[in-house]
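Next come two complexes built around chain A: one with chain B, the other with chain C.
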Partner chain A sequence: MPPIFSGHPTMLEENDWRNAAHSTGTSIMAAEFAGGVIIGADSRTTTGAYIANRVSDKLTRITDHIYCCRSGSAADTQAIADIVSYHLNFHGMELGEEPLVEVGAAIFRELCYNYRDSLMAGILVAGWDKKKGGQIYSVPIGGMCVRQPVSIGGSGSSYVYGYVDANFKPNMSKDECIQFVTNTLALAMSRDGSSGGVIRLGIITEKGVERRVILGDQLPKFYED
Partner chain B sequence: MSTERYSFSLTTFSPSGKLVQIEYALAAVAAGAPSVGIKASNGVVIATENKHKSILYDEHSVHKVEMITNHIGMIYSGMGPDYRLLVKQARKMAQQYYLVYHEPIPTVQLVQRVAAVMQEYTQSGGVRPFGVSLLICGWDSDRPYLFQCDPSGAYFAWKATAMGKNYINGKTFLEKRYSEDLELDDAVHTAILTLKESFEGQMTADNIEVGICDASGFRRLEPSHVKDYLANIP
Partner chain C sequence: MSILAYNGGAMVAMKGENCVSIAADRRFGIQAQTVATNFQKIFEMGPHLYVGLPGLATDTQTVMEKLRFRKNLYELKENRRISPKVFSAMLSNMLYEKRFGPFFVEPVVAGLDPKTYEPFICNMDLIGCINLPTDFVVGGTASAQLYGMCEALWEPNLGPDDLFETTSQALINAFDRDAISGWGATVYIIEKDKVTIKNLKTRMD
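Moving on to the complex of A and B:
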């Protein structure tokens, strides 16, 4: 829609950061370990080149044992997460027990696939249930759904596929896995301009979720000349 | 073949100004299994008889005491199938509220919404009123709530009440036994005693259901827990 006042586009420039959509150009990941899953994300939300929030929380609670990592449009992923919460809470209430991670992922997929033309959302669904233990389901843009023992997403993920392939091992201990996730995200954040800030972690096991933050000065350092 | 609804309501006024269908619905409720609710100083208890007509019934598979949200529970007297529908709708409404307001639905809000549904069925084409009265208990804003919803859509806030068979005797019993500083434990005890007044036969942990709601939320009591309470009853 063109500006209402005269043809001088000084105030309503369309491609300006002031009017750009909030995106979570991001680095997110999830990895299975012995006893559960660990999810991690950076904390940068951008509108164009402006960092709108440098401490955002991209790890969103769906239930006590199911979380999602959000990448893509911040608005789209927040709205989807809220709707999935609605459906999963209702489902859990009818079942009388904790809903399964697979079910949560299926609901995410239903929304992301059926509204694929209107959404820009890449989501990692991760959690723990008593049927299959720790699980990760990747629901990228387009709305497919696939279970993976380790999964990365967001704009920063492109830079760390090699590192993940070389360093992931199944059945790591909790601390090994924390180090692996931290290193991966730190590498992605240092190469991707749309990722940065702090590393937020979530450790999901039978007992629930433990949240951690790794602040800027504590990030692992790699080769820098 | 889709159901072709009547456009006119089946619930119509009698010359004396009564809605006879609602009166009949209330009669269905009064003929139903007894249920009881008591508000204590630190929580609410709801309880109902859940007798099976034959030993072949699989006990504990289907429940009368139902959770609507973490902090709200419900029971009924009257027609089971009608109740199930309202439970489902109440659960949906609670989730819809959370989606919009990001706040667990206050008990009063849920009661108003459920009651609005029940009223709809007294003023819509081709449907009959619900043959249930509901007892809805909840905890929010640091205090307990107990409400009754009638087939007419009317709702009442109670300190203690009884519904279903013998409800008049039940209420009289409660009037004598109720006090403002009742604790939840004592309230459960009193609720079970009230049910006993109209109980035919031996009361066991398998033929009654009890739910409690306090600051830590709503839960249905396990049969083993109910047994402990029954042990203290003469």
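Moving on to the complex of A and C:
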């Protein structure tokens, strides 16, 4: 049981559970639209307060039609994604077909739940398959798995729950959905110190994945100068 | 997290040819959350004397008020403007008075002597140890990044326009690598006959 107070009483406790969310420095999201899903993430990796990588890619390929958005420990999520990718590739060969998104999410869940004490990983699994079309499965810290039409994650997500609840509509067009994801992430990056850089997008449909980048000067602006 | 990193911030001051610059970011944040982007961290203490107070935001404001009081009393008693060197000594004394329960600010002073107009910069730790370099001083959570940028970009005898460019680039590129600094910047260029204040357009992430 970690101590609540130790050392100098006015100094903030570094490993305090109250600061636990601080290390999931990221803003990630996924949203369903008519024809597939769009995934998005910021590009900042921090070691404490130092920005170790300002152009990181948090949208990771699992299969041609299944991607994941990674938040939490960079090492943990990269390792998990590699393992899931291996299993899903093998499964696809056994099946003779493209693996289903829900199967990919289930494998993520198995790993994240069974190793929950050793891992710090919050993952959004998103993709397209012919059985259910565009799907998003949220696998947060602790290892639950739930399908959602829109999902946000990472430390920056706290600031945009209201915006997402107010602005998400089912069956948006591709361009509407791109604007929605872009705006949401821009707002999160603007408030969260652990999020920033560029917005990376992935548009996943029956045809596969289209990757886009929205650079700093093209980000939507909401602040007042 | 260290108490000096609770609010975050970046600050730099540089010497030029008959001028000095002092610049800071404009973020007011609480750990990772950014609350405001117009927070003042550099304060005018005389027509050619500015002090920057990076660190805990509440102490930034309190130390500024207490310093202004002491400076005003000095100027009333002595009937003259305080010089940057004496001002720094006064600030150092004020911080050391709280040696075992300090203010969590690490000040940066920049100015021109009121009589000779000689450029002056210095910085201090939170208990008042003065550092008097001849080139530049840095402060805040992005100080490591700032040391690197300043060491690379600074050269002696820069004119006011060049000093503005150098200071701005050093500050911006340093705080763009710090998650808890940035969200705007203000640069002051202090010359004998004028002070130019510029707000920079920066990344707001």
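The working rule: the second predicted complex is superposed on the first by the 200 of 225 C-alpha atoms of A that agree within 3 Å, B and C clash if a C-alpha of one lies under 4 Å from a C-alpha of the other, contacts with A are read in each partner's own complex, and residues count from 1 in each chain.
Following the convention adopted for this analysis, a residue touches a chain if its C-beta (ideal position, glycine included) is under 8 Å from a C-beta of that chain, and two chains touch if they have at least 3 such contacts.
All figures in this text were calculated on a predicted structure; none of them were measured in a lab.
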Partner chain(s) touched by A:Met120 [first = chain B, second = chain C, both, neither]
neither
Using the superposition on chain A described above, determine whether A:Ala34 touches chain B (first), chain C (second), both, or neither.
neither
Once the shared chain is lined up, is A:Gly216 touching chain B (first), chain C (second), both, or neither of them?
second
Return first, second, both or neither, reflecting whether A:Arg54 touches chain B, chain C, both chains, or no partner chain.
second
Is A:Ile141 touching anything from chain B or chain C once the two structures are fitted on A? First, second, both or neither.
neither
Applying the touch criterion given at the start, work out whether A:Tyr86 contacts chain B, chain C, both or neither, answering first, second, both or neither.
first
Of chain B and chain C, which one touches more residues of chain A?
C
Name the contact category of A:Glu94: first (chain B only), second (chain C only), both, or neither.
first
Applying the document's contact rule, which stretches of chain C touch chain A when the two form their complex?
1-3, 5-6, 8, 29, 31-34, 37, 141, 144-145, 176-180, 201, 203-205
Counting only contacts in the complex, chain A reaches chain C at residues 10-12, 14, 19, 22, 25, 42, 44, 46, 49-51, 54, 155, 159, 189-197, 216, 221, 223, 225
Over in the complex, which chain A residues touch chain B? Could you list them?
82-83, 85-87, 89-90, 93-94, 96
Going by the contact rule set out above, which residues of chain B touch chain A in the complex?
67-69, 88, 91-92, 95-96, 98-99, 102
